[in-house]
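Both of the next two complexes hold chain A, though its partner changes from chain B to chain C.
The block that comes next holds the complex of A and B.
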């Protein structure tokens, strides 16, 4: 298993300086695994814990109990060297790439950082590699010199994907990657993920509220509600024959 | 300008709203103005739910805003008329427009949290149109607010009307704005992507609410959205906008079962479905043109798989089938 989570639990404390709130149980005994090459969807509404789960796997949010392993190693126990390799092998793509690009770096410079960190490409060859990656995600290589604000939403998301791929990740974690895009642009980006997965052979975990996006992209799906997994299964089976009331409601609401 | 494709099957009575030949432009300092909407004609009949769909930059939101005199600075209506109850909305003075806004035509905006005043309780805001337009005594308005909140299914409405907006969930905020839009019982409500920011199950509730309101009160809606699935489940008639123009219009079944314009067809193929997805979604090459880009002839021509020589001439919006217009030479 590439990723295995066991009995994950996370509570966000609320309340202020002088009083302690009850807290929100964001992850309630969550267990799942992701095989190499698998595409796993996580669906749920706002507050279901789906984004917390993704951030936990990225080691951006610490968990209170349970365990998460990546390629057999517990992510909470990784030392600096292991963490560095982990951060290269697992790459996120978020809903709004604008906020994850340095606004004063050209798009090419942001993508080049990946190669520089990895140190697997000669410095002189980096511009060529950046151009090739931009071409791979369907962008004009000339856009390497553009600043993030000069790109459209769809172009920026493609650039974010190029940046994620620069370090040759084994796992892409996508958080609502197309929710801010127009339908026709979303179609281009979703097709792109599929094409690239064929070419770069990464596993993929996709968090979204949009069930049709999951049925298009993912082999398997987890349905989350109030921090817990309420249903899981092969995507087509789950949509055709949902077992829990909540999944049924989600399926019937997705027009 | 192509018009005349309007009062065809209305059956005699004038439509509640009839927009003809609307052109909206963005003025620029040194350069020529940029057209945002070109020759837009549409109508809404009494009791009808009409969809206006398009992607970002299509001009759908500016079209709606122009009807209420809410266009941002430097964006103006430069041609056309919008007949509403035998008055031209574009010819109204600002004080006359204030009388119409909220009382006769209400708006449900897209972003509920930003549309509400954070430092005023929800009930006060829901009652504001009545306070402004009808000038009724306070206790009477408070009772009305409770009834309105009840109608949009806010639980425990009397207590909740004293809450501040941040104490409401996103779906409840949207419902409160819907209650506000209903407060003067306007014959027409413009809903600008009212469910886009909401979870799908809440979205389904708001849609059911709009359907109920139409059934109970005969309110007409102009429903603006980028979501084909949503529009197909709610609207009686649909207008599709692309790059500032209406490219196709017709009753729901016509548009969804027999789309005529290549853009509408492409848009439908681009949306993933719950079941039976193809290996790849169909895409439209290129990108949506900037309003300032001049494209001779059909504005979709440069992205259209079917484009041919005559598409360099601008196609008129013309009848392709009964009750179904398309702006395409090939439709």
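The block that comes next holds the complex of A and C.
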């Protein structure tokens, strides 16, 4: 198993030094696993804890109880070196393409950062590698010198994918990767993911409220509601024959 | 030319910058352009009103007030710069650390800032000088320390907003080292607001230094400072009001223009007034 989560629990608390506020249960006893090469979808309404789950696996949000292992190693217990290797093997693509790049750096500089950190490419060869990556995601390599605000939303999302691929990750985590894009651009970006998955061979975990995106992209799917997994299974079966009322509602609202 | 200026955005800066530059030039070149030696006594012209020879009159020892006001501006500027430097550097550092580490470190640092924030600058200065002796250096130190919490709170708030941006989380996920994230991605976004705060803090520092000198806790006579000049003039307020009035007006103009400069910088940096 590439990723295995067991009995994950996370409560968001308000409060400060002396006060413990009431909490919101974002992850309630969540267990799942993701095999190498698998594409796993996570669907649910907003507030269902699906984004928290993704951020937990990215090690951006710490969890309260349970465990998450990546390639057999507990991510909360990694030392510096292990964490650095983990960072390069797991990459996110976020929802909002408008703030996914630092407005002060050129797109090319942001993408080059991955090569610099990995150190597997000669400094002189980095611009060439960046150009090749941009070409791979269907962008004009000349855009490397552009600032983020000069790109359209769809172009920026493609550039964000290029940045994630620079470190040749084993796992790509997508948080609503198309919901901020125009409908016409959405399909292009999803097709790009499928195409790149064939070439770069990464596993994929996709979080969305949009069931059709999951049916297009994913082998298996988890359905989340108020922090808990209410249903799971092979995508085709689950859509054809949903068990819980909640999933049925998601399916019917998607049609 | 003037028509092309975006007055809503640059107006305040355009109007206040000349006064600010005047203050800096007058203090930087005071020894060269001052009409008299600010320390030279002349018993023949004691307590004389403004005249052609002494534009702002003379004090109880016959020293030229204009020259002394110019000389005194040097202390005000140096105290302002050093105090704001201490406050901005310390506050930005603490604010960045609090925002970056969060949790317990954040709570402890910011509660400590709350404590410092409660101290009146004058009280802190008195405590410092009781232990270290009265000097301009200690006045700068006291004022600088008082400024740290303001800068820390501002920096922390801005840094926290930046840290929630996806581009920052993308950098974390790429494994960019923490120090590099703070210095290259967060700090550049913090500098603008800190600059605005610095201009306002500068005017406050000048005012505080004058208050300390007025109380005899800053510059020591015969070294002129606007504060101790005003204090000296108090004894002659009926016969020679210009002794207090001249440094008072200088103080007012400096504080006022730096305050407005701060507002002006805020307008310049405000994206809503762009274009």
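Assume the second predicted complex is superposed on the first by the 247 of 255 C-alpha atoms of A that agree within 3 Å, B and C clash if a C-alpha of one lies under 4 Å from a C-alpha of the other, contacts with A are read in each partner's own complex, and residues count from 1 in each chain.
As a working rule, contacts are C-beta pairs under 8 Å (C-beta built on N, C-alpha and C of every residue); 3 or more make two chains touch, one makes a residue touch a chain.
Small disclaimer: the values here were computed from a predicted structure and weren't measured.
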| item | value |
| --- | --- |
| Clash or fit (per the criteria above) of chain B with chain C on chain A | fit |
| Which of chain B and chain C A:216 touches, first, second, both or neither | first |
| Chain B versus chain C as contact partner of A:24, first or second or both or neither | neither |
| Touched partner set for A:249, first chain B, second chain C, both or neither | first |
| Touched partner set for A:88, first chain B, second chain C, both or neither | second |
| First (chain B), second (chain C), both or neither touched by A:60 | second |
| Chain B versus chain C as contact partner of A:109, first or second or both or neither | neither |
| Touching partner for A:78 - first (chain B), second (chain C), both, neither | neither |
| Chain B versus chain C as contact partner of A:190, first or second or both or neither | first |
| Distance of closest approach, chain C and chain B, by C-alpha atoms in Å | 12 |
| Contacts on chain A seen with chain B and repeated with chain C across the two complexes | none |
| Chain C - residues contacting chain A, complex | 107, 111, 165-176, 185, 188 |
| Residues of chain B that touch chain A when the two form their complex | 55-56, 170, 199-204, 226-230, 232-233, 266-267, 269-275, 277, 279-284, 287-288 |
| Footprint of chain C on chain A - complex, ascending | 16-17, 58, 60, 83-84, 87-88, 90-92, 94-96, 99-104, 110, 113-114, 117, 160, 163, 167 |
| Residues of chain A that touch chain B when the two form their complex | 45-46, 152, 154, 182-188, 190-191, 194, 209-213, 215-216, 236, 239-240, 249-255 |
